[in-house]
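Per-chain numbering from 1; labels A, B, C, D and E assigned in written order.
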Amino acid sequence: MSKINPDFSTELKKYGAINFNACYNCGNCTAVCSLSDEDNSFPRSMIRFSVLGLESEIQSSVIPWLCYYCGECSETCPKQANPGELMMSLRRWLTTKYDWTGLSGLLYKFIQLSIIAFILTAVGVIVFSVYENFKLENIMHYGHLFEMLAIGAVFSLILIPNIIRMWWFIILKPKVKVPIVYYFKGIWDLIVHMFTQKRTLGCDDNQFRWFEHFILVGGYLALLFTTIVLDWFGTENLFIIVLGYVESGIIFIVTFDFVLSRMKKKKEISKFSQPSDWFFVIWLFLLGFTAFVVRVFIDTNLLENNIWIYLFHLIILVQWALIIVPFGKWTHFLYRSFAMYFEKLQKDIKISP
Amino acid sequence: MEKTIDYIKKKRTVSEEVKEKRKEFARIKKLILKTLETEPKTIPQIAKETQLPSDVVTFNLMTLRKYGEVIAGDIDDMDEYFFYKLK
Amino acid sequence: MRNKIGVYICHCGSNIADYVDVEKLKEIVAKEEGVVLAKTTMFACADSTQKEIVQDIQEKNLDAIVIASCSPKLHLFTFRNIAIRAGLNPYNYIQVNIREQCSWAHSDTPKQATEKAISLVLAGIERAKHSKALTTLKISSVNTVAVVGAGVAGMRAAIELADMGTQVFLIEREYFVGGRSSQWNKLFTTDETGQEIVAKLYKKIITYNNITLFTGAEIVSKSGSVGDFDIKVKINPRYIKPGCKLDWAKFEKAVEVCPVEFDDPFNFGLTKQKAIYKNYPSEFPEIPAIDYDKCNKCGECVKVYEDIDLNQKPETININTGAVLLTTGFDPYEPEKGEFAFDEIDNVITLQKFKRLIELNEKELIYRNRKIRNIAYIYCVGSRQLDGENKYCSRYCCTSAIHTAILVKNKYSDINNFHFNRGIRTYGKQEVLYTESSEIGDIFLQSFEDSPPVVEKQGKDTIVKINDILTCGKELEVVADLVVLVTGMVPRKINTIADVLKVPIGRDKFFNEIHPKLRPVETVIDGVLIAGSCQAPLNITESVKSALSAASKANSLISKGEIELEPTLAKIDETICEWCDKCSEICPYDAIIKTKHGGKIIAVVNETSCKGCGMCLPVCPVNAIQLIGYTDVEIESMIEALI
Amino acid sequence: MPEQKSGYDVLVIGGGIAGEEAALNLANIGYKVILVEKDISIGGKMIHLSKVFPTLDCAACITTPKVSETARHPNISIFTNSEVKDIEKNSEKNFTATLVEKPRYVTEDCTGCQICEEKCPVVVNDQYQWDLVGRKAVYIPFSIANPRIAVIDIENCILCGLCEKVCPANAIDFTQEEKQTEIKIKSIIIATGYDLFDPELMPRYGFGKYKNVVTSMQMERQLVPTRPYNAVLRPKDGKMPDNIAYVLCTGSRDETIGNPICSQVCCMYSVKQAQLLMGALPMADVTIYYIHVRAFGKGFCEFYQQSKGMGVEFIKGKVGTIKENENGNLVVRYEDIEEGKVKEAEHDLVVLSVGILANTDFTTMFKNIKIGQDNFNYVKQTDELTNPAKTTIEGVFVAGTASGPMDIPDSILSAGAASAETASYLRRTNNEK
Amino acid sequence: MTENKGSKILVFSTEKISDPAIDLAGLLKMHYPPTVYTINIPCSSAVKSRWIMHAFNKGFDGVFIAADGTDCAFDESCTDNTAKVISRTHELMKEKGIEPARLKMAAICSVCAEPFVKQMKSFAEYLSKS
């Protein structure tokens, strides 16, 4: 027995959902979705739960993460109820539900708070630089240190607890009994999905979108590795330097295309943009671009006299690491892979008696 | 008696497409009628023998039936396809 | 018996002549007794041939002609006109179809086609021999229509008829006009209120000299037939002096002093009513009324309102009318006790009552001292019943409920609407309302056919539960402050007019038309028409359409002063008939009447009602009935000629 | 100066069931009516239907008597193959318009013998059988056409002159030209009917590409005794289908194709066709995919229940996509709403229950006045509740589906209303007694 | 009298419904036995047993009622009433020793040309065998 909560619609609209109440439950969206199957039929099921406000049903579901937003459903929806954007909004909403700090919810819903957070972090970096008397070497040293610390902290304090919460919502709370071995069996899928997002390929005819996304993820992870472990800004190794250029180049070129398509609004996926979507692509673009420029300045020995460029990069980096990665859209990357993983667990149980 | 066709011939020209359509129909008609000379056949059988797409056979065969050149006979054992024969 | 028959055989170019040996045909028929002329012709329908035939008829003094050519469906009227032009009765013209039913059908066997053609033409000649000169029957009619029921449909029909020049008697059972529509607020699609529409129509009606309105009036008997009905109308007194003006203050006082109080039917019991009343201030006619059945004649009101006259008596008047148009409307379905907790839980009400409630609550929606926030609408109450008698869909309720829900949401703050439906049927442009209500957040839940939603009390709360189709059958529940039963339309409970006029009733108990497509507003009783929701559930636009349709049908029927009837009629031989009731029983038009004739009881055909179908012919045990044009001699001589 | 025709009271534009009904009503009252039909015969779409719901009487049996009554009514002049343009309102009750009579190239001497048709060597798609079969360039539109006079499709004619040679009535006349006449009328009824949705606009249903995906109109023709095939067959390969699917709301209630409203008839005609199919193909399974079954009119709900009793399967869920198999069978993908699961099902014939769209021809007919359109492109009714036939122009009325989707009984009633409003308008403005 | 010419069939058709169908059969150049003769009447339920018996007496081999069925423009009781006439006539035929199967009825709609032709062919075939 579930109680209906009509107020949930209003809540969800703050996460970017548009007009999904118009749904008359024809099921067209589910039928045209190439990722939807008998076990997980969506997006209509999620629209229905959202209209009725059955929060716990949504919270315990992995379905929002199974959607890669090809936009076919929204394009063909007879009521123009934007099922694709609803799924996107549900992912945002779920992100905030998984987040134990509650910060991401605030940042999603109130753009003012996001802007304040961005300003605060920027001010923090500048204050720190003032404190360090704008000495490039020190700042770069702490910058590098920050990268490592931030990753560690964000992961251990925010992301891992959040994933545990997600696990609790999806597996523990609904009392799905999963034998331990299944967790190990599924790991490979987790990794594959995390790094390849191969399901997108089933999504639409546009293989290019998957490819773009794939090299972006690859480039991003590799740049992370190159800057943190291989100390790109500090190294003299030509191979690493070139590698870093390629990686950061990939990031800003691909994200530039993303920004462009969001502005053109031609494709269904880029028709609606929530602030968090803009932040994500723009910061990623800036991240790649400033890293690229910083290294160019290093190679041309201009950085000493143009420390501002590194500071700018650092501000972006700090904002990225402290705001977007733990509380923003970046987490999708993680949650989606885990959702896939949990879905596999659910399926495995169904198959074995 | 004078024929009015001569009057309109002076005013109109017939498009190539229309001429082509007429030839095409004549060709298909000949093919279909020829295959039916031996024995009654179903549409898939006619299509196979004439090398025409089956929907083209259906359309033209039914047109021939409409104008009385072909008639429908019995249905096959599977109750799927009718046999058509010359009238 | 005709014996100067002319026969024309048409070649129809080559259509007939190619298969039928027309020359041989001509030779054979020329020898036939009674045939004085036999010709072949290239095209019988050609102008020159037509002239020739006219000439022949006049010169040879022909008393019947037979043309053997194409189907009579094509040229019967062409050739009948030839006869008329030549001064021959058109029914002395016989067409024999030797094209569609001979030369074409038997083009594979020309010899036999010729033989068949000979037989057919001979049969035609036989028929011509026995053919009678018929004249179309004309009965006079008064250009008057009695419209029964002054709801929107009735008023609209009255105006239209009056505009077309017909005298109208508009007869309303209630003391006020407007019917159900005046109970409704804003209407889809124009957003006018029901009361505005009623006012608009009433104000128009009183400008017409040729509309007479009776309120508190009912038809109590009818005699006569189409064109000339005599109806008796009983009019209950209003107890208000005729011609007086409404004095609102005095009227209010009279209401105050009136000791008779009962649940107001207009507001479905939401308020109380006195014996002297108006349902709403701007109701028409302006003057109030005192309910004849309820008033105890205590005289209190007379003391404060001198325009009251309790000495008025009911009167009966006679009206002569050409046609009767019924626009008597519907009743809302009244749920049974316990149907979705109706009458058991106190916050369960019908849609119609809910609509009144909205109108009576200006600022806040309050029912039984409780502020309403969550409203559950349960659809198809009394319609599409699985077990009950009403199998039909009431058509207007989905739209009406959704329209009301939107209205409620816009009028009051903080309203949640939950629609427990069985598949929304907002057909046509009404779909936009469904979209609108969804978009503003109304929630639609659909129940399975065999498991309707359940309304029950849980502690203080009223809960509505459903297994929702749209959520894969999941059980869902809503705590409702108010449960609105979306009740459909049923025929009028008090429906005396049906008995008086003997209007046919359909399977759904609504009045039945002859044919929904051919004759959608006519009944089998000639001159009695139906329109609006007395015929089937309809919304206002649809009712008005059918009312206007009926108006034009009625007008074209009676406005010419006479009604022409086809001469193909049944005739009963009074010498043979021994009244057995079989023919009158089978007649769908009630055209056979039991009559005393020359000392014995016989059946007589009412020529104004008979349609000439012939259904009565075969049932007569003594073969007393003949259908003109299809008499035994005609048919049997044709049979003999054919063989 | 074009020729003039006057003395008419009403111009009825459109000779479908609504136009006929309106014309007959007015003619019976005594008004002179000019009825103009774009097509080469009158009867509109109804005359082509099989049986009609919910009474299952045959459409032709109802239409043809009305058609012939209209055709021979002394107060009605019919112009087929003709159009109206440049309607001008000059003053109260004074309209002029141009009547354009297209050449038929066949005179009224035609006896309908079809010898020309037999001989004509050209075959093109037969529009009256919705392209399922061919017709000749000279042809009688359909067997029960009125007038039953041949017509030459000059665009597809190869000018061989054979028809003229063989015509026994000498009715072929290639010298005919388009004729324009100015007509004077006092009032106008627009009864231009509706258009059907073109499912090629929904590529995911594969209409046009997959030959076994047909429209409901094509199925309607297959169910009529004057049908294009000898039985109900698949257009792709002539197989007798035994598993037929109906896709409801094709082109209705769908904002993506610009028609957000319900077409009001598709549910019922599909239910009806399903019943007829069960009669024509007793072994066949029929499945109807629906969103809501709109069985709202008199006797409709009972009819719907009856079809369930006969074994027609109803599945709640709009079909998302249709794909073709090698054997010509079609796989429909849909969400079974009751179960909440996406499913695929194979059918050997799919019928798209196409919706009704406004026929917007009326918008271009007027010259010095503009006629209002509603949000869905139909003729705007300015006083829908009490004067349903009234339009934005005084003296111009609307009948039938020109004002919105409706079924046959509703169209007939609407035409009745239009005729009543026209009659009273004429009388009012005439100041007749 | 009827030797080698096929069985003679009298058809009672109705003006509005079944007669147009019989016309249509000719229009479509569909062939049925030329020994089929049609007399039309307003409604199929108007056929008198007497006429049918007269036809048999005069030498017709079969009588066919092309009934209005549910399309009847007069009344929906048409189908029932026609059926009753048939069954009464069947009784009379039995009395006279005429095989009841020689009187047949089927609903023929106004465009039912093909069903009509089929009916005629099979009826004629049946009659020629019996």
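The working rule: a residue touches a chain if its C-beta (ideal position, glycine included) is under 8 Å from a C-beta of that chain, and two chains touch if they have at least 3 such contacts.
Here the structure is a predicted model, which means the values were calculated and not measured.
Asker: What are the chains that chain A and chain C both touch?
Answerer: Common contact partners of chain A and chain C, which must touch each of the two, are D.
Asker: Please indicate which chain is farthest from chain E, where distance is taken between mean Cα coordinates of the chains.
Answerer: Of all chains, A has its centre farthest from that of chain E.
Asker: If I average the CA coordinates per chain, which chain comes out farthest from chain D?
Answerer: Measuring from the centre of chain D, the most distant chain centre belongs to A.
Asker: Have a look and report which chain pair racks up the highest count of C-beta pairs in contact.
Answerer: C-D
Asker: Which chain wins if you rank chains by how close their C-alpha centre is to the centre of all protein C-alpha atoms?
Answerer: Closest chain centre to the overall C-alpha centroid: D.
Asker: Which whole number of Å gives the spacing of the CA centres of chain D and chain E?
Answerer: Whole-Å distance between the two chain centres: 34.
Asker: Between chain B and chain C, what's the gap in Å when you average each chain's C-alpha atoms?
Answerer: 51
Asker: Roughly how far is chain A from chain E, going centre to centre by Cα mean, in whole Å?
Answerer: Going by mean C-alpha positions, chain A sits 80 Å from chain E.
Asker: Can you tell me which residues of chain E touch two or more of the remaining chains?
Answerer: 20, 24, 27, 29, 73
Asker: Hey, what residues on chain D touch two or more of the other chains?
Answerer: Residues 55, 57, 62, 65, 253, 316, 337, 340-341 of chain D each touch two or more of the other chains.
Asker: When you check chain C against every other chain, which residues touch at least two of them?
Answerer: Those would be 73, 424, 435, 470-472, 515, 518.
Asker: Which chain pairs here would you call touching?
Answerer: Pairs of chains that touch one another: A-C, A-D, B-D, C-D, C-E, D-E.
Asker: So in the complex, which bits of chain C are touching chain E?
Answerer: Its residues touching chain E are 71, 73, 97, 99-109, 112-113, 115-116, 119-120, 123, 515, 518, 524, 568, 586, 588, 611-615, 617-619, 623, 627, 630, 632, 635-636, 638-640, 642-643.
Asker: Taking the complex as given, what residues does chain D use to touch chain B?
Answerer: Listed in rising order, the residues of chain D that touch chain B are 105, 117-118, 121-124, 132-136, 154-161, 164-165, 170, 172-175, 211, 228-231, 233-240, 283, 328.
Asker: Mind listing the chain A positions that touch chain D in their complex?
Answerer: Touch residues, chain A against chain D: 24-33, 36-38, 41, 44-45, 75-80.
Asker: Which positions of chain C touch chain A when the two form their complex?
Answerer: These residues of chain C touch chain A: 416, 418, 424, 434-435, 438-441, 443-444, 446, 465, 470-472, 474-479.
Asker: Considering the complex alone, what residue numbers of chain A touch chain C?
Answerer: By the definition above, chain A touches chain C via 1-4, 6, 9-10, 19, 21-25, 45, 48-49, 51-52, 54, 79.
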